[in-house]
Amino acid sequence: MTSTAKLCAVCVLILLFIVCAQAQQKPCLTASKFGPEDQIGNVNYITPAKTLAATKLVTKGKAYRLGIETNKDTPAYPPRTFAVTIVQPGQNAGGSLGPTKTNYNDDLINGWAGIGSQIDGLGHIGIDNLFYNCNKSADFAMTDGLKKLGVEHVPAVATRGVLLDMAGYFNTDIVKEGTAFNRAEIEGAMKRQGIKSIEKGDVVLFYTGWLKLLGKDNKRYGSVGPGLGRDGAKYLASLEVAMIGTDTWAFEVVPFEKDAGIFEVHQILIPLNGIHVLENMNTEEMVKDQAWEFLFTLGPARITGGVQAIINPIAIK
Amino acid sequence: MTSTAKLCAVCVLILLFIVCAQAQQKPCLTASKFGPEDQIGNVNYITPAKTLAATKLVTKGKAYRLGIETNKDTPAYPPRTFAVTIVQPGQNAGGSLGPTKTNYNDDLINGWAGIGSQIDGLGHIGIDNLFYNCNKSADFAMTDGLKKLGVEHVPAVATRGVLLDMAGYFNTDIVKEGTAFNRAEIEGAMKRQGIKSIEKGDVVLFYTGWLKLLGKDNKRYGSVGPGLGRDGAKYLASLEVAMIGTDTWAFEVVPFEKDAGIFEVHQILIPLNGIHVLENMNTEEMVKDQAWEFLFTLGPARITGGVQAIINPIAIK
Amino acid sequence: MTSTAKLCAVCVLILLFIVCAQAQQKPCLTASKFGPEDQIGNVNYITPAKTLAATKLVTKGKAYRLGIETNKDTPAYPPRTFAVTIVQPGQNAGGSLGPTKTNYNDDLINGWAGIGSQIDGLGHIGIDNLFYNCNKSADFAMTDGLKKLGVEHVPAVATRGVLLDMAGYFNTDIVKEGTAFNRAEIEGAMKRQGIKSIEKGDVVLFYTGWLKLLGKDNKRYGSVGPGLGRDGAKYLASLEVAMIGTDTWAFEVVPFEKDAGIFEVHQILIPLNGIHVLENMNTEEMVKDQAWEFLFTLGPARITGGVQAIINPIAIK
Amino acid sequence: MTSTAKLCAVCVLILLFIVCAQAQQKPCLTASKFGPEDQIGNVNYITPAKTLAATKLVTKGKAYRLGIETNKDTPAYPPRTFAVTIVQPGQNAGGSLGPTKTNYNDDLINGWAGIGSQIDGLGHIGIDNLFYNCNKSADFAMTDGLKKLGVEHVPAVATRGVLLDMAGYFNTDIVKEGTAFNRAEIEGAMKRQGIKSIEKGDVVLFYTGWLKLLGKDNKRYGSVGPGLGRDGAKYLASLEVAMIGTDTWAFEVVPFEKDAGIFEVHQILIPLNGIHVLENMNTEEMVKDQAWEFLFTLGPARITGGVQAIINPIAIK
């Protein structure tokens, strides 16, 4: 070994040492503020007091279902597909069961959970294979179900909901694709609607009119969209909201902001801040009714180890 | 043709005429009181006034998720099966997307909707191929999805919930299989708990302790059970409740009551009265808290043409 | 009861008696000539002697695969759908197994067996709920698999194949939709090609050029076609062939012949004669090579209780 | 920048250069001898002359199906699952189609292709994410189907088959788990059976009696087994066989040989030598008949982008 080679070897070792030392000193990038066992993130902020206060927002008793329909024609991120199959077991040839001639239909689902209205669980998005709360892909993302961070862990959600009418803010029917909602737009919309604050444990929904394209221009609907920007995501994270939703498929603005990563807004919210993301939330009728602050309830189907879930939250004003 | 043969032919014609005439005079057995287009039954009774009143029942802000987990090991009515599959599209060999190294998990569902906590939609049960509101099987139950009565039609459900503690009523941990809940038992449980009335548009839940068997004695859990009887079903239908649920797989008492048809209680409720049925509702913690009257919310995933749905209702006390 | 009513009752009884008596005397319409336990039909005719003779037809050693590809874009009879999903279990984040860094892909199939090149098993087609060999739908067609007549019963098929070039016979590239192949056309094609006989236990394939439309005009491809007619089916059944195939999706002529039932040719072959049907058999290259008589081999995947199977027979000339 | 840091930077650059240069000089580990476009490996050796010669091996005309049944109870490598579902579209309530009352059953498959008798395609196994013929996982293994090396590419297989009776060689009914078949055992079995040679383009099958355990001791069946060893794999690869099969689930010996990698024998055959692997080949009856050399035919279902396929090869003696 020449002296140059020796020196080279030495400095490689030094480099390695520096990298390793930094890695040890640095806490895991996605560590939860709720402790090493936490699997639910900011949903922790939804306390009974929070829930009780939210029920006081109900003044008219009008309940809204926020889900759109999921079927084989619902635009979906490739290669997601969906099929439902109806069967009538044991009823061949006009048969029925027993003296009261019971018939029944049953149904099979063969498809992806991420189609239509959906919640992105905390196991959905990672950063270089690191997911929420220091969970590494190889440790929990098994082919037959997530061993941690599955949607079955989401607690009962009943909290204050806030709806931001971005179409109204931009004075348009459908907010244009590529329009990012950042702090200025969020505060502007709040001011316009007379919403005084966004609070810890809230669910914040954005209305853009984008769902008006569904079934009319599925290509445009499913390829681009307005949505949350990075700064807006960080701002809402700083307010410690529990969940954020939009009436678009992508949730975040597409095309992505200049210099932004691919679905970087998802990264800011899900692994970095433990904030669940809701997509394709239909708030059209709520906007018509100016239902800006309301009781938001959600119970995703508890499929063990599921990443996402097809949902249909209920908002009550 | 002999005169006897002629007479025979004549009386066959007369018989046919009588049968046809009766068929025309008789209204369809499952006709809805909400009109020929109705697809939601007694959920119609959940008016804004009803919802508003139900929110007043919330006194502590405690929210309960009623869903149990659904997975391949959840006991299910044969031949129902379930699998979830996790994939990482486009991330082979440690790859990630873009400069911020985005990773994501996605999930596929391959299974039956009737596993775990579930709602039986109005297209689930029929009587001699006649389903709710005069819908004949051949007219709506297509192999690729129900054309009517699908779960996507269920409106936002936010109403008064009433929990009947049948285990408490029978002074036992787990109510014995074959125990039918009829008018006497329902009224007895109400009286014991101080529940004054069951009202139009309510969701009534029965607690039996049966879910304590889950994972411990799946065979017993999934083959028999206590549950609603025919008289009890008719009684609750007379009170015009919106939905009824239990913490059992079968909902109704199994073995069935003497002389009862196969799942005849389901027939009484679903096609004959437009009352949705909820199964495997976990109310254990609510019983501990004596949360007898509460706000019940439910938004089933809106799968177009789905018969049943895996659900996770939220009860708030 | 009046005397007229009595007489009426009596003659109804007499009528019932006659109907019942006839039903008892009449052998079941689909009874097999191979006995009450038979599940394979004319494949019984493929004896070792037959197989041995067929191997003598091989003169060049050229082997042909007759399967077309099956995927989500393959035209299929509605509502059939198809998806394949690739997974890499346990290899998240660039992982591999063990010291030699083993990686593997696995695949899931979610789709219908009747897509692409397929065999129609003897449990596929019935007549008023009566299937091959007196099997009634309710007795064997369970939702989780056929209890009889499943594709797993098909024995090893190695027999004489005969290819009829109907495009050549009609002097065209693609035989026009609605063109029925009956005795005259079959014998005409045989004569033109110098085929002396069709024999017991043979597999007869028809070439029409129809697969040229695949991927070019899927709508035309999958909605109509030339194919076997009723008389042709009866003729080939009289010759006791084992299987018949075409290069079309429907196998039989569509639109159906005047006064024909819906897929009546299938009924003639499958339940009435125990003859398997093969669809979408790609014989293009065989026609170019004038491979008219050859060794035909087929082993369908033995999926227990399967109705159809995606196949890829091997023909050797 | 200090001079040490400069030197360090320089030597890092030098190291990088050396690594890159070596990578360029080194041929890809899995490069095919059949050229950069090859997707079928040693199946290339099955020429018409080879096929023609193989047909001459048929002396009795007895055809064997080598497939076992695939269903939900077939032991499978976790988490593989399988379900078939039978439907009767458009035939609700005893309905049928048209004047001839046509009924039909259809079937859906929801399961993994690697269950029961199967072929491992050349896209199944890799070495550190490198698959056959320099294909990298990220370049071809898409979630919705392999873009290269899919089973749809397997040509018509009709070639000489050789069956090695390892149970006979070891003078036992069922060869013990962990028994490796290497050059000595292969040559010993050949000698015992009077098989003079294994030749280029052959399909070699091993009989061990292991399938006798199926349905009797599924746990033992599916966790261990006798099978091909590394040296045996290299030996058969040196003979340039086309495919190798066994009557076991794992194909290779389990527990693996001392110091062997996980499924290293698969790596030797599939990516390194382009030799397809066949599992769960039922050769029981062939052994009884001493059918040692025969015509082997195989046409896997041509599912586009499929990794494996459920197969049922036909052997003819």
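All chains are identified by letter, namely A, B, C and D, in their written order; residue positions are counted from 1 within each chain.
Operating definition for what follows: a contact is a pair of C-beta atoms (placed from the backbone, for glycine too) under 8 Å apart; a residue touches a chain by one contact, two chains touch by 3 or more.
Since we're looking at a predicted model, the values are computed, not measured.
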item	value
Chains touching both chain A and chain B, listed by label	C, D
Same-residue or different-residue interface between chain C and chain D, half as cut-off	same
Chain whose Cα centroid lies at the greatest distance from that of chain D	B
Inter-centroid spacing, chain C versus chain A (mean Cα positions, whole Å)	48
Chain C-chain D separation of Cα centroids, rounded to whole Å	28
CA centroid of chain B to CA centroid of chain C, Å	42
For chain B, residues contacting two or more additional chains	72, 79, 83, 85-89, 92-95, 103, 108, 110, 129, 137, 141-144
Overall pattern in which the protein chains touch one another (line/ring/star/complete/other)	complete
Interface residues, chain D side, partner chain A - complex	4-5, 7-8, 10-12, 14-15, 78-79, 85-88, 92-95, 103, 108, 110, 142-144
Chain D-facing residues of chain B, complex	72, 79, 81, 83, 87-90, 92-93, 95, 110, 129, 136-138, 141-143
Complex contacts: residues of chain A adjacent to chain B	46-55, 58-72, 79-80, 83-89, 94, 96-114, 116-117, 123-129, 131, 137, 141-146, 152, 154-158, 260-264, 266-267, 295, 297-316
